[in-house]
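Order of writing sets the chain letters: A, B, C, D and E. Residues in each chain are counted from 1.
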Amino acid sequence: MIADLTETIVKILFIFSINVGFYAPILGWVERKQSALMQDRVGANRANIFNFKIIGLFHPIADAVKVLTKEDFIPEGADKFFHTLAPFLSLTPAIVTFAVIPFGGAYELWGHPVKLVIADLNVGMLFIFAFASLSTYGVVLGGWSSNNNWSLLGGLRASAQMLSYEVAMGLTLIGVFMVYGSLRLTDIGMIQENFFRWGIFMQPLGFVLFFTCAIAENKRAPFDQPEAESELVAGYFTEYSSMKFVMFWMGEFLEIVTISGIVTTLFFGAWHLPFVTDQMLVSFFAGAGPNGAALLAMLVNVVVFFAKVSFFIWLMMTIRWTLPRFRYDQVMRLGWKMLLPLALINIFITGIVLLV
Amino acid sequence: MGITTAFSTEEPLGGSVVLTKLEAAINWSRKYSFFLYPFATACCAMEFMAVGGPRYDLDRFGAALPRFSPRQADLLMVVGTITHKQAPILVKVYNQMTEPKWVMAFGVCAVSGGFYDNYATVQGIDTLIPVDVYIPGCPPRPEMVLDGLMKLQEKVTKEKWSDWPRGPAPVKMKC
Amino acid sequence: MTDSAKNLHTEQMVINMGPSHPVTHGTVKFTVTLDGETIDDLKVDIGYLHRGFEKMCENGTWEQVMPYTDRLNYVSPLINNVGYALAVEKLFGVQAPERCQYIRVIISEMARICDHFTNIAAGAMEVGAMTVFLYFVEARDLLWDLLEELCGARVTANYVRFGGVKNDLPEGFGAKTAQAFETCRKLWVDVDKLLTKNRIFIDRMRDVGTMPAQEAIAHGFTGPCLRASGVPYDVRKAQPYLVYDQMDFEVPVGETGDNFDRYLVRMEEINQSMRIVEQALARIPRGPINLDMPALRWQSKDDTYNRIEALIFHFKTVTEGVKPPAGEIYSAVEGANGELGFYLVSDGSGKPVKCRVRPPCFPLTAAMPRMMRGRLIADIVPTFDMINMIGGECDR
Amino acid sequence: MSTNVTLDKLSRQFPRSVVETHTHRGDATAIVRKDEILAICRFLRDDPELAYDFMMDLTAVDYLGKEPRFEVVYHLYSLSKNQRVRIKARVPEADCTIDSIVSIWVAADWFEREVFDLYGIIFNGHPNLKRLLLYEGFEGHPLRKDYPLKKRQPLIGPLN
Amino acid sequence: MTDNKAFQAWVGTLPADKLKPKKVRKNIELSLWERVYLIEVLRGLAITSRHFFGNLVGFVVPPKGKKRKIPTVYYPEEKAVMPPAYRGRPTLVANADGTERCVACGLCEKICPAFAISIVGDERQDGSRYPGSYTLDLSRCVFCGYCEEVCPKEAIVMSEEYEGLCTTRRGDMLYTKEQLLKPVDQLQKRIDYVRRIYAKCNY
């Protein structure tokens, strides 16, 4: 019992440190540096301690500390309780959904079976959908409670957009579940051991649809009507300052990481190298004894998983800076009139393929 | 959550190591991450685009993230001529900004009204709001703007707790 | 409104897109009455950048007005300089020497390219494509370097004088221009690939802010917005001035007059202007660049240093200003946004009686409510960017 | 009289109200009496031979010391004939009004509001004749020659 | 959609070959494949990532002649060289022995559109005039170059100085004579340039 407890706590600490500790601040840096390189300029690189610059990595720290010490402003006439609650409601789902995503296979460590996923629920994807819809409340409450025309408009747009894209997202994934036959993400990961059963080959249309719906669900890039700077000043977080404003941002960044995690798990062979199964990996490191081999294999798998996640993060960032923004009614038309029918067709075709 | 209000009420603890170390760290972080509110009206906005552009990248100083909502902005860059019709809006935006806020007068029209000394133009925005850095030039070269930004950064490093909060603009609406 | 919506008691929301809003470039206030997202009524309020241009002109000599013309359409300042200088020369009834006319054509076209770069950059940024903004700002910086080498300042050049220009082209100007244009064309191709065939961009721009040709004329549209509606009216072709009649260039014409046409017309005009500059640089003749007429143009330094009569006359013209013969003229130039007209009235003294500028983007902004009624609030963004309203020119 | 076809047709059509015509520096100009301005403009726009469908510019000039003091100037342009004409109507200071031509060219709406704002000339029949460039609380009309250059009426008082 | 045939008529007064109207809308009809957003997304990604990787590699192996592929000038460390025509801060020319060339004739004060210059003239014993006090209010000066153009004694020229002009107090921008004076050898390049552009051959 104690071993299980310690194991879960270690995994939680590992994921929490990787996600919130490493990815959240680094993504702020990545967004500025990558957009700079794409736009023929240099991102932030002058923050230095004893003129030791390391290509601008101090800037996220500077941002974080400055935002901590900024005046925390609640507009008068705003509903104080909901105004403060909203950022938490939009941040926690993003962190919690990572619990279900496996970042490694199952290994044998000192006689104790270790599965590299925090909560191995057999309804993994359902859990993710449940929490994804929770973050809609955060945005709507934030928009409504700040007593400001712009945020009200932003909140309304966000709620309509997130709801309609959750429907589309759900339907696209049914195809995947039909192919893999289970909702448990670890099973899906295990099936994708051999290269030709990767989600991208089984469900190519499913991948494209899911990726678009996920970006829309996360209110980023071409779908960022809720906080479109040019139309609604700063969308639903116009009235937020200091830490609460950064919580909305962190929620958005963490959702990027979660979405990349889901996409890698479902479509790109979770933690596997293309033609390498777990047994081959363990036998490859046999020289270092059973525990050593398992540890090394675990390490390789985790590194492969997070490399794939970083690739998708890069892809999302590039999309953000390349494409112009939809208009609000076009987002709705795209969601209901294009993605939803395509998702249904996808299910239909998968059904036929599976039966024949 | 705002730590500033807690400290400024006590009598400042003088140069005690704890406070100055913390103060220096916070000033260092404020110096390198200005969130900009570009209050751009006239010809200087063209030069402001060039400063944010690829050649003289404002983002190198960590200051290129324009936040159009005054709640999230630190540095109010008044770029261009402020006319009397625009003055109440400038003061309202300044009052809406959250504390540690700085003001940079970008270009001769913001500094002193430039060569529009007539019935329509405000003769310098320091007749309306306290200004931290004045940048001459019509419009100032991007180098002069970055020069001004560095001067503001030096000023920020030398600030103490008791400087904040500054409170709203000291000028009253006439009618 | 569908009938079910009628008996729903919904009130309209009045939103104030105040002067300090990202889309209004700081100088226009839209008071929008919204029903949900569709705009029922839009009231435009300008004048936030009214700096008293005409009053300052009436209190200065004719030369002192030249720096003020830089700040009219500050995106293409040199076109205002050339327009004002041509107007005063028309008042005098003289013409600048051949080489100076070629230089004026070159700098006008370069300023027009910078204006279109800035306008498409700002338009694309506000529609969401940030990368396009920085590509075109980089291209504009290259051209600004050329203008800085020529005139001495990047934006407010104050370069043209009555009867001539301040100084001649520096050496190697042609080679540097060719090099700069090559990079600009590469960036132009990048942006063209990023935007022109982009379905999202087309959806945002097409059939938005449409202005049919007949109404465009009634509203006083000129320039790219009128050409986008299908009317091929361009002052450089209709009433050629300087040496435009010897230049071979095409006038891009749109069809429906919506934002996408305006974008395409501007993108095409960048190419045409580059062609003109290259032709002008190839055919520029040698010779003096100023008119040797002391009553019009301050004399050369050699004269004022050495000859006492020249010095005395120099003192007189500087202190009292040039004295054009009494009369009034209207001279129009093709500005970047449309027809930039100067109506000057002189009573023979050193100070102008009236120095009126016909701002091309003034009637365009007046037509905003007509274009925006019944559309969505997100449509204000591309429309207001594509009519390219410049505060300094619209409010003077 | 000049050889310009527009001016000839105009003076033949409105002999009483066309006071004088000249083509100084090549700009065809007609000075008319202010009370018939609406009929003249409609004639200029609708006559097939003239077809002035563009109202390019509308402004006013303040000749302090001369009587009548103001002069409203219209610049028209014909797209199909590629010709320009300038119509000037003198307005005395005492009776500072003139008919508005918004009904003929919609573009005139803002031009007239600006001339009212800066010169104080009232345009009868204008849909909403309010200040365009200056703010509501501004008294006086700045572009008049007798308005001092630096007389400021700030909305929000200067600090020092 | 009104085609512009109706307005083709007015081109009559201007021959079509001279006007050369060029239709811009022809080739923009989207093929079916482009109606699906995918192609456009991929084409956009191709361009931006080409810039991204080009600049990334440009750091490691910079193109010849330049330190890095990105056109950014690292301002405080690297300073762009100003062309001879550049108009910086106006400065008074001081002769070799330190006396100023200006004879307080007041032409620059008269022509300055911003009324930034104010001179109080004075006379030395030997009768030669010099400016007792010469103040230039840099918070008003718009760098238009008129003072340099009208000065009959080549006493005031636009230097190339553009740094260090920003101040934290508005009063510091009022430059007195001493602050404006600069020895002639530092400004010789500008004086030659001024003499060349206003030489007799240009008229």
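The rule is simple: a residue touches a chain if its C-beta (ideal position, glycine included) is under 8 Å from a C-beta of that chain, and two chains touch if they have at least 3 such contacts.
Only a predicted model underlies this, so the values are computations on that prediction, with no experimental measurement involved.
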Item to check | Set of chains adjacent to chain D and to chain E | outcome: B, C
Checklist entry - To get from chain C to chain E along touching chains, fewest steps? => result 1
Item to check | Top chain pair, ranked by how many C-beta pairs fall in contact | outcome: C-E
Checklist entry - Of all the chains, which has the CA centre nearest the overall CA centre? => result C
Checklist entry - Roughly how far is chain C from chain D, going centre to centre by Cα mean, in whole Å? => result 24
Next on the checklist: Measuring centre to centre with CA averages, how many angstrom lie between chain A and chain D?
Outcome noted: 64
Item to check | Separation of mean Cα positions, chain C and chain B [Å, integer] | outcome: 31
Checklist outcome for this item: chain B and chain D have mean C-alpha positions lying a whole-number Å distance apart equal to 44
Checklist entry - Multi-chain contacts in chain E: which residues touch at least two other chains? => result 7, 14, 40, 44, 47-48, 51, 70-72, 74, 113, 142-143
Checklist outcome for this item: Residues of chain C that touch two or more other chains sit at 21-22, 47, 50, 52, 55-56, 67-68, 131, 134, 138, 141, 156, 194, 198, 200, 231, 238
Checklist outcome for this item: chain B touches at least 2 other chains through residues 53-55, 57, 60, 66, 68, 85, 115, 117-120, 126, 138, 141
Checklist entry - Where on chain A does chain E make contact in their complex? => result 34, 37-42, 208, 315, 318-319, 321-323
Checklist entry - So in the complex, which bits of chain C are touching chain D? => result 46-47, 50, 52, 54-56, 58-59, 90-91, 93, 215, 217-220, 222, 231, 233, 238-239, 327-330, 332, 339, 341, 343, 345, 353-354, 356, 358, 362-363, 365-366, 395-396
Checklist entry - Tell me, which parts of chain D touch chain C in their complex? => result 24-25, 27, 29, 53-57, 59, 61-63, 73, 75, 79, 82, 84, 86, 105-107, 109-111, 118, 131-135, 142-143, 145, 149
Checklist entry - Which of the residues in chain E come into contact with chain C in the complex? => result 1-4, 6-7, 11, 14, 18-25, 28, 30, 34-35, 37, 40, 43-44, 47-48, 51, 71, 83-87, 105, 107, 110-111, 113, 142-146, 149-150, 152, 154, 158, 194-195, 197-203
Checklist outcome for this item: chain B contacts chain E in the complex at 54-57, 60, 108, 111-115, 117, 124, 126, 131-138, 141-144, 146-148, 150-151, 155
